[in-house]
Structures are given as C-alpha cells and as structure tokens.
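The chains carry the letters A, B, C and D, assigned in the order they are written, with residues numbered from 1 in each.
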Amino acid sequence: MQRKVSQINTEKGMTVNELVKEMSGSGVMGAGSLARSVDILESMIKDKECRVFFGQAGAMVPGGMRNILIDMIESGWIHVFVTTGATLTHDIVESLGIGHYQGSPHEDDEKLHKKGLDRMYDSYMPDSAYPKMEDFLNQAIAGMETGKTSIKDFLQDIGEKIKGPSILASCARKKIPVFCPALADSGLGIQAWGMVRKKKIEVSAFDDLNDIIDISWTAKKKGVFYVGGGVPKNFIQQAMQFSRQADYAVQITTDRPEPGGSSGAPLREGISWGKLGAKSMHADLFCDATIALPIIHAALKERL
Amino acid sequence: MQRKVSQINTEKGMTVNELVKEMSGSGVMGAGSLARSVDILESMIKDKECRVFFGQAGAMVPGGMRNILIDMIESGWIHVFVTTGATLTHDIVESLGIGHYQGSPHEDDEKLHKKGLDRMYDSYMPDSAYPKMEDFLNQAIAGMETGKTSIKDFLQDIGEKIKGPSILASCARKKIPVFCPALADSGLGIQAWGMVRKKKIEVSAFDDLNDIIDISWTAKKKGVFYVGGGVPKNFIQQAMQFSRQADYAVQITTDRPEPGGSSGAPLREGISWGKLGAKSMHADLFCDATIALPIIHAALKERL
Amino acid sequence: MQRKVSQINTEKGMTVNELVKEMSGSGVMGAGSLARSVDILESMIKDKECRVFFGQAGAMVPGGMRNILIDMIESGWIHVFVTTGATLTHDIVESLGIGHYQGSPHEDDEKLHKKGLDRMYDSYMPDSAYPKMEDFLNQAIAGMETGKTSIKDFLQDIGEKIKGPSILASCARKKIPVFCPALADSGLGIQAWGMVRKKKIEVSAFDDLNDIIDISWTAKKKGVFYVGGGVPKNFIQQAMQFSRQADYAVQITTDRPEPGGSSGAPLREGISWGKLGAKSMHADLFCDATIALPIIHAALKERL
Amino acid sequence: MQRKVSQINTEKGMTVNELVKEMSGSGVMGAGSLARSVDILESMIKDKECRVFFGQAGAMVPGGMRNILIDMIESGWIHVFVTTGATLTHDIVESLGIGHYQGSPHEDDEKLHKKGLDRMYDSYMPDSAYPKMEDFLNQAIAGMETGKTSIKDFLQDIGEKIKGPSILASCARKKIPVFCPALADSGLGIQAWGMVRKKKIEVSAFDDLNDIIDISWTAKKKGVFYVGGGVPKNFIQQAMQFSRQADYAVQITTDRPEPGGSSGAPLREGISWGKLGAKSMHADLFCDATIALPIIHAALKERL
C-alpha cells in the first residue's frame, strides 16, 4: 500500500529535528532523502553492535564543518575516521589559530596569489599557514621514534601533540583510528615527508589495510557514512568488500553517477560488489554537504 | 579586511533559525549561500516599498512544498506568483483530495503505468486525478463569462472556485496575480482548452505581459525569488529587463550554468541584461529546493 | 549473454561517424549513450511511418547550433518543431545580421551592461538587436490579417517574412509547424505583443493544442528528440500522453533527476505516464548539447 | 574587439578534427571549451620544452578509454602519469583477458551480486578477475627484491611483467613514471599488500613526492591534463605549487565547484595557489570524459 506524500508544515521557532520530522512525512525527493538519512544515522548510532565508518572528502573545514566533525567524534558516533590529507591540513591550520577567510568565487585569482591567499571556492587559506604548520610538525615529529610505522599510527602521534579542540586531537584522545591513504597528497604530507626522512621514520603505504579490514571483519554490524566521495569513501567500501558488507549506509554527494566513478556512484551499486547488504538501510542524499551536515547533526543531537 | 570563517556549532534543540544564523557566521559555500538567501529574503519582505515576484518551476507539490507555498502567500510575502501549469494541476489535484504518493525512482515504469500511477522521480500521481479535475473544471468554467480573457484572469476565476487551502485559492482570495505563460503545457491547460472553446472564451497568449510589466514599472523597489528556473524565472526576468532592474534576488537551482540557458544562469548574469541592479543584494543557492525551501521558510517565520 | 566492452580505437583522420561507431562498440557510459542516441535517431528518421517531434530549449543559437538546426529541418529529419521564444528571438537576430559574440563567463556584468551586451554564459548579444528586430517585426506584422490566430500560425507568418537561412524561415517554407507555448516569455513575444494589439490580432493561448495532439494522434509511429528540457520537452510529452506513446526517444540534458522536474526526468519515467512505449528505443544523454549535437548531426549526415 | 560566434557547420564525412575546428569558430559554451582544450593540448604536446603531467581518475577502462590512454603514452604525449589504483586494477584485468561487460544502470544489484558481477554505472567487472589477478601478481612480485621501494618503482616492476598492450606496461617500457598515491585503496593494492609483506618489501607512503616534485622543478615548462579529479589531479597540482606553476592546463570534469573540493574546482582557482600561471593557457571542459576524450584524442592524432 502506497503512503501519501504529507505536505510539509513549518512552525515559528520549530527545532531542526521537528523540521526533519516534517520532511520525513513528505518522504520524497531531497527532503525525503534528508529525513531518511537522519533516521538511518540514528539507527546506526543507537545500534550498540554497530561500528560506524565515516569517510569524508572535500573542503569541509574551510566550509565551516570542523566543530560538527569534532562533536561527532566526541559524542562517540564514529568508530573509524577516513579522510584526506587536505582535511587534516586544514584542521591543523585551524588549531594553530590561523583559520580560513570568507571570500568570493569571482575574485581575481592573480590578486589573491599576490596577497598570499589560496582559494577554495569562496573560502581562502593564507599562505602563512605553511610556516606555522612546519614549526608545529617539526616539534611533533622530533619526539617520534625511528623505524617503521603506519599512516594511522603516525597520525595518532601527530594528534596527540595538537592543543585545543581538533579533529585529529579528538580522534587521538579517543583512540579512534584515522586512515588517510593518500596522506602524501597534501600540505601536511609534503611537510611531513622531509621530516620523517631525516628522522629515518618509514611510513608504510600498505600497513593500514591490515587495521581497517580487521576492524571491519570483527564488527558484528557496520554502518558507513560518506560526506563526499574520493579515496575516503572507496577505502571504506573496499574494506567492506574484502570482509563483510555494511548494514547501514548514508552518503552525501553532488557528483553525477553517469561517468561511473566511485564518488558519484549511488550506494545501491555497492550491493553488486558485496560492499553493502541487499537488505541494508541506505539513503543517497544529493546536497551540498555544508548545508546537509549541520541539519543532520542538529537533528541527531536532538534525538540521541 | 577579510572576515574569518566561523566554524558552525549546533546545539540540542536549536531552532531552524538559530542554525541558519550559525551558517551565516561561516559565510561560505552552500551553508553561507543558504544563510545569505535567508537574510536577503528577510530584507526584501520587510522592505515596505518592495514588491516580491516569486517564480517557481519543478515538482514542488509532489515534493511536499504545497503548504509552505500557501503560507508564503497567506503571510503576505509574495505579490506576484509565476508558475507552471504542472504546479497548478498538482495544486488542484491536492485540493480535490487525491494527492501524491511516496514511491521509488527505481520502480518499474511499465508496472506503474499498468497501475495508473504517473511518476515524478520518487513521487506518484494517480491517473484518477484527471477525471476528478475534469469534473471540477467543468463546473468552474461553466459559470465563466464568454469573451476575451487573460491567463491571469482565467486563473483568478478558477482559484475562486477551489475549496479549502490551495495555492491558487489563496492567490485568488488575496488578489495576488498568478501568471502562467505556458498554461497550455499542462494537464490543467489541456482540460481547460476544450471547455473554454465550447464556452467561446478566448484566452490571450500575450495579454498578461501588460499586467506584469505594469506591476514591475510601478513598484518602487523589487525583489525576485526563484525556486527552479524555466519559464517562471525568465518571465519575471524579462519583466525586470523591460521596466527596471530588481533590487533583491535569490534563486535556488541545481542546473549547470555552462550550457548557457536561463534556468542555470547565475543571478549576476542578469546585471548585464539590466534585469538585476549592479548594487543589488543577491544570492545563488545550489540546492535541491525541497531541502532548501523548508529551512528558509522556517527561518523566515521565526524572523518575521 | 553479456557483451564485452570493446576498448575504443581512434585513427588519424577518422570521420565523426567512424568515431561514433567505435563508441558504439564500447557501449557504456557517456560514449555508449552518445552512440545509442545516434542509432536511435537514425532509426526514427529512416522509419517512413515515423513523425519526429523535436523539442529544444536553452541558448542553442548563441551557442553556435543554428546551422545544425536549420540543416536538420531542411534535411527533412523533423516534422514538428517545439522551441522557446528565446531561440526564435536569437534566430531572428542572426537573420538580421547582428549575431552573437564570444565572451567570458567571468566578465564584469556591470561593464557589459554599460556596453549594451547581454550575457549568456560566455556568449553576448548586443542590445542593438532589439530595435532591429522591432523594425523587422513591424513590417512583418503590418501585413497580417486582423482577427484570431494561433501561435503556430503567427510564427508561420513571421517565418515567411525572414530573408536568408533561418530556423523559422526553413520551417515556414517547409510547412513544419513551430510550437512555442510560452512565446510571450521572450523578446520576440514582448515586441510582438504591442504590435498585434494595435492590429487587433488575437493570439490564442490554447489553440495550438489542437494541432499538436492531432499530429500526434494521426501519426502511425512517433519519435521524440529533446535538446534541453523546459516547456518544449513537456509540451511534446503531454501530446504523447494525451494521444499515443512515442516509439523512439532521445534526450540530451545536464539537469539532475532528483528534484523531480520534467527537464531532468529520465526518459523511462515517461513510460509510467503513457508518454513513451515500454518497448520503445530510448537513450538519455548527459552532455552539454553544444558538444553532443554537432557530433550527432555529423554522424547522422554520414549515415543518411 | 569582440569576435562573432560563428555558427557551426557539419559536412558529410567530415573528420573529427574538422568538426573540432568548426567548434573553435563558435568559440563558446561546451563546444568552444572542447575546441580550446584541443588547441591547448596541441600546444603543450608540441612544445619541446614542456613536460606533460596527466592525472586520471574514474572508471575510464570500464568506460572503454584504455586504448586511447595507451596510445597517448605510446605517442609520447605524456611524461608523468598519475592515476588511481582502480584504473591500474582494471588495466591489469583487461591484460589478463577478462575485461568488462556492457550492462545497465537499472539492473538489480542483488542479482548481479549473485552472478558475481561488480557494477560501475552500466559496466560490469566479473569477480573472476580477482583470482586471475592474484595469480599474476604472485608471479610478478615473486621476482622482486626484498627491501625498501616506492610506489612508482613498485609499479614499474609490475608493468614490466604485463604481457600485451597495457597502460602500465607501456609506461614501464617507456620509463614514464606512474604515480598512484592511494594505491592501497584498490583491488591491486589489497592483493599486493599481503604479497609484499611476505617478501619483506617495504613500500613507502611518501617517497614518490621526491620524484614528482623533482620532475616538476627541473622541467622548463609544464602542462597538466586532468581527466576527472580526486587524488591524481590534486597530487599534480601540489607538485606545481611546491615547485613552479604550470604553463598549460586542461581539465575534464562534471563535478560541481560550489562544495569547494579540488575535484570540482575550476582551473583558474589554481592561480591563487601558485599551481597555475596567471598567463597560462587553460580550459575547463564540463563533459563526461568518455565522450570528450575520444574526440580530443582523434582530433589531436590528426594534428600531430
């Protein structure tokens, strides 16, 4: 039996979760997908047997999402954090008090270059971030032990040295593994590279596979939450494929599915690969993540 | 001097407007655009000298946005309503108690056809809507006067016959002109066509131009608000071009700008045409409207 | 049995059709869709019993597609032409020797406005087009008869007055009906409006429905070809729905399906409505039309 | 002085390059960007002082682009190849005679899973690829030396073992460095991981930075060509940033710029970072790569 689309009502002073509940009644299109995403995330977080794998790509820290990510970690909603070197770079830069600046997507990029401002759509990072980060990393890496390590363990060590609230610091403190397969592909990676070489620290390109697949194998149930695609999504997806499929899944992306890449692939494609269970709860949300994530987060805070 | 991106904080039980205010502090990307859209809409609605032209295309009623549109009309936020025949058809269908149903974008369309369900992404309209609408229109048009009329006046007459809350009924009662240049391109248009022919009612393809340009010329200030593109956006844009440019503008669309069409064109392109003032406040919001509009509406209700 | 993806080979000096044939061997993703589109168009054009309904929206003339559209008409590939007032305006402007200019999407729109250039992404139309078009229309409409007419017949009359190659002139000469339900929503419409009023010509908003549905009812077989969405696509789709479903269908669009509007709807959605046959040949092509259409056209010329 | 948009003409039997030249006359929108892309690529390849960095992400081999990529390498157009582990996996799978299959984006993924077919939009890879690749890798890695290596050197060794035409084999034979920072994030990576561990081969996460930045520093001039975004684009972009900026740039992507990520960022954003020269030739092409790349390739073959 079909359910009717319930027309959404808003009220003066309604909470974010009350609005999401209204969207849930509607149940269709973007609003319906957003509401379903919140429901699925609520289920996966409440499920005591479920380990939540969070994959994040894109300019979320320059886009104002840092405190939300930190809160998700601190609230215990996430058990595995997979990200890009860029996000970790932006996180460290914020922790060093430099931060990002409001700009315009139409600004003259040559002028910005002369001013030492690096543009990400309409957000700028000052070049002065680099020497500050270098100082921090030099100190952080100075105390590390010589020898073999994994990217995850290296990032745990870095995280322990960060003062104040930070994504990496929160993960480090809560022993949440941070995977970043393409760490070399970032400002953080490029600075760390020279330092680890001097310290004769060998960072393995492969060893993290052991850990993520192990976590994936041993978890009774699993939820995946993707904000953006790229390596973070794919790295979690393959951990599912080479262990057991996920039970819950939510993804937020604006990428197109037609070109066939992993970033734009709808979640249900993962069923064919054995990455996602055929009976799993899953929702694809086509939305800019800087809009969707705060709504989802505020709604979940009200529910959990 | 650049302003820093303020990282967004969410609180348990925060209202929609409180969240939008947090996004405003961030000021960038989708979240920043959403917050700026609310600010601009607040300004244009509060500005007593400003006439608000609202253009809407796309499956907003099947997508659950009907009550929000009605509330915007009833609250006096809108002075000119430009829409598609499809939206008016869906509005009438809802007022006749038929409504739309939750479905799936992956459903077998041949099966749906056999069941008499017409699909719009993941929302279905039952074919039984057509005979019901025909009965209603026969009665509504029976009482109309023979002779020349405009689409706007024809829709005013229809709106007066609708019982219960409805977009068209609210506009009719509040004497808000409803323009629908491509009315013939809809279920409503195709049914009305036979009936007006019998009644010897002549509906002019051009006469509404007089009214919309007149309203645009005489308004001291003007705001435009586009949800989707298509004819409704363009019809308002040209009314600005052939009178005076708009002072405030907000648009929500997911269309690409590269192919050069009006639907995907960023608002600032309108400055070159004289459709939008170079000093105007304006914001482009790249978001599914069924997500953005409820948030905008709830935030505005809290502010106004 | 599954067919293998054949890796595409290119050769020095290969023709466009030879390349499309290679894409056909691949059979997947964008290349596969493009090749399938050409195959279906070839079939619908070669099928003597098939009437081809062509719907076109978006800035195709400023985008350089005018001669291709003219050639499609002159080659007898199209039996019904449905378009926007904007395209007809651009067509007339080109026929008056004014044309469009290469620009940049990053240009300062205020400067363009001062120079009298109207921007469509990176193409400009000079404002001087308007008085020239006005002169032409004054002459063209001066000779028309007073009384009732349809948009189609009005455009036939205009087309007969255009000198030199033109979309409208070619359709007029070949008696191909041009439907433009939202003609009022264009520079052409706004100029014509004042002139027809003076001449006491009454242009009906509805009468074209009779013609398009009649053509659709009486055709033994039907093909639809959509370049962009908007009113042109929907007007043809509803003619199919209210007569009989199409046998062949190709659409080119970059719009997203998720918001549920007609423009971004995949063709197969039309099966649920009875707009498209469940056994029809159809292909959705996600591509900028200014790239896809020249390739399709050149390939078809080689085949037909 | 503005140049006029020249309406595109097609001829029966015209070559791909002749069509691209016509698009160049038009100079605007997608067609103009495609033509400009070919012009810039022609310039960068012909420039004897220029090193071409090619970055590729997405399902290009399942999408039929493998022979084109091989031909670009064999023709000497590319000096640095940066890619994903997925592309290398697909390349090896094709070289082992397994290949990919034509499918449908609407197929039931649970059925595909039971049949052992992994879906990428409408292309399938059979699961039987994995044991075949495992056999090949076991043999290939068996002969490698114990000790430290870089991802680039590891891939060179693998490439030397592949029989028949292949991306990796062609790069190996021509000593074109293949960088793949996230190699662990792929079927190839996950299989190689266990084997290198047994052989006590240590693959460094960072060492390739040395090589790519060195090539970038020592090149007199540089061109970048991105098909898709992700890590490959960003890894080249940062090599430019930390050495000297690029002189030529072309990118093909369908990702949106608004969310601020590197994949959807227009090339000119790179000017602010010092990744791209302010006076560089550059073009952004919004198109499915499986459509654009064969056209570009065929046109370039005719020119070079």
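What we mean here is this: a contact is a pair of C-beta atoms (placed from the backbone, for glycine too) under 8 Å apart; a residue touches a chain by one contact, two chains touch by 3 or more.
Remember, it's a predicted structure, so these values are computed and weren't measured experimentally.
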Chain at maximum distance from chain B, centres defined as averaged CA atoms: D
Same-residue or different-residue interface between chain C and chain D, half as cut-off: same
Fitted rotation between chain A and its twin chain D in degrees, CA, nearest 5: 180
Separation of chain A from chain D, taking each centre as the mean of its C-alpha atoms, in whole Å: 25
Centre-of-Cα separation between chain D and chain C, whole angstrom: 35
Chain centre separation in whole Å, for chain D relative to chain B (CA means): 43
Multi-partner residues of chain C (each touching 2 or more other chains): 28-30, 59, 62-63, 106, 117, 121-124, 254, 256, 258-260, 268, 286, 288-290
Interface residues, chain D side, partner chain B - complex: 28-30, 33, 106, 256, 258-260, 286
Touching residues on chain C, where the partner in the complex is chain D: 2-17, 19, 22-23, 25-32, 34, 59, 61-68, 71, 94, 99-103, 106, 117, 121-124, 254, 268, 286-292, 294-295, 297-298, 301-302
Interfacial residue positions of chain A with respect to chain D in the complex: 57-59, 62-63, 86, 105, 107, 109-110, 112-113, 117-124, 148, 151, 181-187, 189-190, 192-193, 196-197, 202-206, 208-210, 213, 228, 230-231, 234-235, 238, 242, 254-263, 265, 268-274, 278, 288-290
